[in-house]
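So, here come the structures, one by one.
Each of the next two complexes has subunit A plus one other chain: subunit B in the first, subunit C in the second.
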Partner chain A sequence: MPVFDEMNGVAGSGEVRAPYEQLKHWLARTPRELLDTRRSQAELFFRRIGITFAVYGDEAATERLIPFDIIPRIIMKKEWDIVSRGLQQRVKALNMFLADLYGKQDILRAGIIPPELIFTNPFYCLEMQGLKVPHDIYCHIAGIDLVRVDEETFYVLEDNARTPSGVSYMLENREVTMRLFPELYSRHRIMPVENYPDALLACLQSVAPRSGRREPNVAVLTPGQFNSAYYEHSFLADKLGVELVEATDLFVKDDVVYMRTTEGPQRLDVLYRRVDDEYLDPLVFKPDSVLGVPGIFGAYQAGNITLANAVGTGIADDKAVYTYMPEIVKFYTGEEPILKNVPTWRCRDRESLAYVLDNLPDLVVKEVNGSGGYGMLVGPHATKGQIEEFRHKLKADPSNFIAQPTLALSTCPTFVASGVAPRHVDLRPFVLSGADGVEIIPGGLTRVALKEGSLVVNSSQGGGTKDTWVLGA
Partner chain B sequence: MLSRTASNLFWLFRYTERADFVARILDATMRLAALPTSYNEERNEWNSALASAGNVALFKQHYDTVNEDTVRDFLAFSPHNPSSIRNCLASARINARAVRTALTAEMWETINDAWLELKNSRGNDMDRDAFSDFLEFTKTVSLHFDGSAYRTMLRNDAYYFTRLGVSIERADNTARILDVKYHVLLPESERVGGSLDYFQWTTILREVQAHTAYHWVYREAVKPWHVADLLILNRQMPRSLACCYESLVRHLDLIADIYGRRGPSQRLAATTSAQLASSRIEEVFGHGLHEWVGKFIVENNQLGAEIAEQYLI
Partner chain C sequence: MRVRIEHETHYEYDSPIRALIQILRMTPRSYAGQHVRRWRIEPNIDGHLRQTEDALGNIVHHFSAESGARSLSLQVSGEVETTDTGGVVKGGVTRAPDVYFLRETALTAPDEALRVFAREASDFKPDDVLGSMHRLNNRINAEVTFDTAPTQVVTTANEAFAMRSGVCQDLTHIFVACARHLGVPARYVSGYFVRIDGVVDQDAGHAWAEAQVPGLGWVGFDPANGISTTDAHVRVAVGLDYLGAAPIRGSRWGGGGETMAVKLTVEDAGGSIQSQQQNQG
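And then the complex of A and B:
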């Protein structure tokens, strides 16, 4: 399978792609020592401001830096325009799908999705059935993972509709690139990303409960400083200019949520919560959760607080539901999907399962409910033992898995030990949905697999990040 | 602001202040220990350092003997001692990390850099030179941190809570020194035995960083009653109890102004401060210095509890 390189196109074409012209020149002229220096400067910057990421199961590294690759990834305006329209369409459909699922369930009646796929799904939240949320928006902040395979095609790899993280890296990576390479930066016309926090705040305020008598009070809820994304939580609260709260900072009285402040209780209207559904309220979900606020779901049902994202959005980014996204987009928007899904076999179907079992060494197999690159088999890179292990798992519980062809993810020039070399990348743009519509900041988080040939870009598996430039003209 | 944020700020500054205090105790003790025996007959300086800066009972759980090595290890590096310099700076950083959004970039970088540096220093293998450098490093961190706060923080309730943390910790530290060394400050006739001399008094001054200040204030040779006056009642001296309480009253009042409400902590601080302002050192000695200091430590803890009750939980 030919690999598409975002700078050089398909191998052997010998031409540099237009958006990378300047960068390629610059790379050719820049001595390696300078790149080395800039890289250490970047690392020092990240270390000092404390951008760290905890890796679960790795005790020595509760605060590790995600490697930052100093070479930016560049996307042309006309490419971005298509991606952007595709994202709008998809996220709009995701929200309509959630409103329908927790409402009238037309899509199930129309026979588009097998009802058992929804009702037996652990992410379908029965408590949400029949509950209206402001403006019918469930997924206020979505992170849609895209991969590129050729000049024209971006595939959606997965939808993150719960609490997608990484946006702080989008912002900080830009900050660092501007500092390290002012000359290179100013020779491009790069669309800004720095207005993301303002857009997010406006979005969150727009979905405040309608009973609001005043400027809505917004806060960010974090599980605490030992959470892997704590840096991002504090970063966002800071940029939004709102309190970063932990569960113990909140209490509920008469179905109203209050913050404990030095001036006494203060009423809260919108909570951007970075705590998973099941930990949110020990009275309704996991009874032993200490990350949650007892009674907050009651306040939510009473319409006194807006949670962003809504409870129960996990059903929309479930990998089994993912396979129906093209039909979902068509059903709600009446349009053909602009962004394609990666061709996917649902192992729940007998024929697909047979095909998958016959072709394991060529496929990527994912657990339907897995995330972060855990619980997944990359056939071409797996040992015989790992393949056999997955064969057993698949046979034991086929509906728990989907399989996809090994995609030739595009590559970008990346500064690694051997010098500048191509490495595989993906892209996570962030999509905001508020009362006034959908807003997408031009850019996103590019994740890069730093190991040669590797296709796993997850930061928990040794992936790095890049600044992502969308050219304005 | 969130009560937890106020609490984290308050404790963050208590911990950096405490790290500085422990470093000064160790510094002054090393100096005293280096004197020839004839100047310092009792040779119990490490005992007394331990009593001023640490928790003696906890020390005994982990060490058999009191000497330079064990006390240095316990006060500077021990993971078992919550007030060791290492633990103070680590706790400070945990508190800082929990309130990142309430700190300025300069403050965060100071405390984060210190923690990164500290992670690499083991401690046990340090010779006296290296240890001296380590104490200097600790004092610089506190200075730099407090300086960053002073120069960069908005003057709002967040800042006022940091001042409360510094002042209440500082008052506690000064009182602890007095509590341990009261006997060397007693007037001649009331000495509780043993030889004592000039170097004990100057050590106390060094511990509170007042060696030079003393001469500017009293313009005579070091006398024990002046040392007590300087540490307890002199309002010019930043580590005196009177000065700490002026600061506590001022910042509690500023908080009360912002919130439009006064409470028990304002009343208690004002009462103690008024007592300090109207006392003379002779009266303090009249009560018995030891008893007086013991009572002060209890009241100071009481104020800490009132502040917590009123704002921090």
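And then the complex of A and C:
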């Protein structure tokens, strides 16, 4: 399988790709010692900021740094423009899909998706049926995972439509890179990312319930400091200039949500909640949840608060629904999808299952409702035992799995123990949808698999991150 | 049958509460098998009571109060005229399609033991869903002992089945879990039941299941009594499981610990049972 390197193209061609001309040159004349020094400095920066990520199932370290690779990834404007249009189209379709599913359900009537796939799905939220949300926007913040396989092709790997995380790393990575390599930075025309908090705040305010009385009050709801993304929650609240709250800071009275403050209760209009649906309101969802606010769903139904993202968006990023995304995009936009789906076998189909079972060593198998690289088989890198284990799982519950070919993810130059070497990457751009349309911050979070040959970029599985430069011209 | 219901739920708190919010699914709707003649919900403390409807068509009251109360009584009373429809439920309201009721929940996802029991107990025949559901209902009734001791509101179908005992809620969860495993949409019903033995005073409301039978629609099965539903059943709320149909889900601020006591009488107001009630004194 030929691997596309974003600096050198397909291996052996010997030419440097245009966006990397300066960087390759710079890498060639920069001594190893300087890179070492810069890496230590970067680690110091991150430690000082306190940026950490808890890894579930890792008892030794509940919090640790996500490795940061000091070499930026570079994308040309003309490449980005296509990606950006594709994201815009995809997220618009996702929101139309959600509005339709929780409304008239035209797509089910048209026979495009089997109804049982929706209604028996744990992420379809019946409580949302018939509820109108402001401007028909459900997924205000999306993090669409893309992988690149050649000069032209970006595939969508996953649509994260619930509570995508990682945007704080996008912002911090840029800041640290600018400090580490001011000269290199100034030699490129790089599109800014630091306006993300302003764009997010404007987006959240634009979807406030129509109150008209005053500027909408926004807050960020976190499950608390033991959540793996707590750092990001507090970082975002700080950048947005709004309160970071936990469930106990909020209460509901007569279907209105209030925040306790030192100046008395303050009415909330928009809640950027980083608490999952099922924990949101113990009176409606999980009754033993202590992370939720009793009565908040009633306030939501009464139209007195906007939740971002809306409740029930998980049905749109479900891995079984993902396989229908090309049809979903066509159905709502009337256009061909600009960004492709990775070819995917639905193991719920008998023929697909047979194929998948016959080809396990070559495939990536994913649990439909899993996330973050947990419960996943990467055939070419798996042991015989792991493959047999998955064969059993697949046979026991086929509809819980999808399978994809092992993609040759693109590589980028990465500074590792042996020096500068190519490592596989993906890209998570963040897409904001508000009353005034869709806004995409150029770039996003590049995740890199630091182990040689590894294709798993998830931070929970030892992946790192990079700054991502979109060149302005 | 004219069923008269008096249902009081009384809470005592260790200290005065600051605020309280409750979601009540305690009001029956009229449909082909029952006509609600009168119905009232009365909390004994001041508060805000708002009536809505949930996505399953249940009538829901949101009750919220700010109060220094040390106790709360919820008084529910009413009269419902029922007719025996042979268990068939017609004219119910729901926005959920039948396939929705195939969905597993944490309380009803069957383990291997329960899956084996489902197939074996029902002797499942796709062309005779009604017979299969009757067999399932009878077997649950025969094998799972009614016992209030070992289970709680959070007991799963698997746990109750493993103990072979539970209350009507558990037996219903077992039925629902088995039916869904067999591909038959099934749902949980909470309500009231006029006891066959004429006992009027009861400890708790009743629960049973409904299964979707081709050609008939939703049919009620009461595994605790081993029968299809009759005019002795008053249907109040439906859900995927207990949590979706629970009479009261609440939360409060302040008050410390609490004790709860239920006083419930369910009687046939038409005559014959009344004399029995007098006999029992």
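In the analysis below, the second predicted complex is superposed on the first by the 472 of 473 C-alpha atoms of A that agree within 3 Å, B and C clash if a C-alpha of one lies under 4 Å from a C-alpha of the other, contacts with A are read in each partner's own complex, and residues count from 1 in each chain.
The rule is short, and it goes like this: contacts are C-beta pairs under 8 Å (C-beta built on N, C-alpha and C of every residue); 3 or more make two chains touch, one makes a residue touch a chain.
All values derive from a computational prediction rather than experimental measurement.
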item	value
Contacts of A:249 with subunit B and subunit C, given as first, second, both or neither	first
Which superposed partner A:237 touches (first subunit B, second subunit C, both, neither)	first
First (subunit B), second (subunit C), both or neither touched by A:287	second
First (subunit B), second (subunit C), both or neither touched by A:49	first
Contacts of A:116 with subunit B and subunit C, given as first, second, both or neither	second
Residues of subunit B touching subunit A in the complex	1-6, 94, 97-98, 100-101, 105, 108-109, 112-113, 116, 157, 161, 255, 259, 311-313
Residue ranges of subunit A touching subunit C (in the complex, touch as defined)	115-116, 119-122, 126-127, 129-130, 251-255, 282-284, 287-288, 294-295, 298, 301
List of subunit C residues in touch with subunit A within their complex	19, 21-23, 48, 50, 52, 54-56, 62, 64, 66, 95-97, 99-100, 102-104, 154, 243, 249-251, 253
Interfacial residue positions of subunit A with respect to subunit B in the complex	47-50, 224-225, 230, 234-235, 237-238, 243-246, 248-249, 259-263
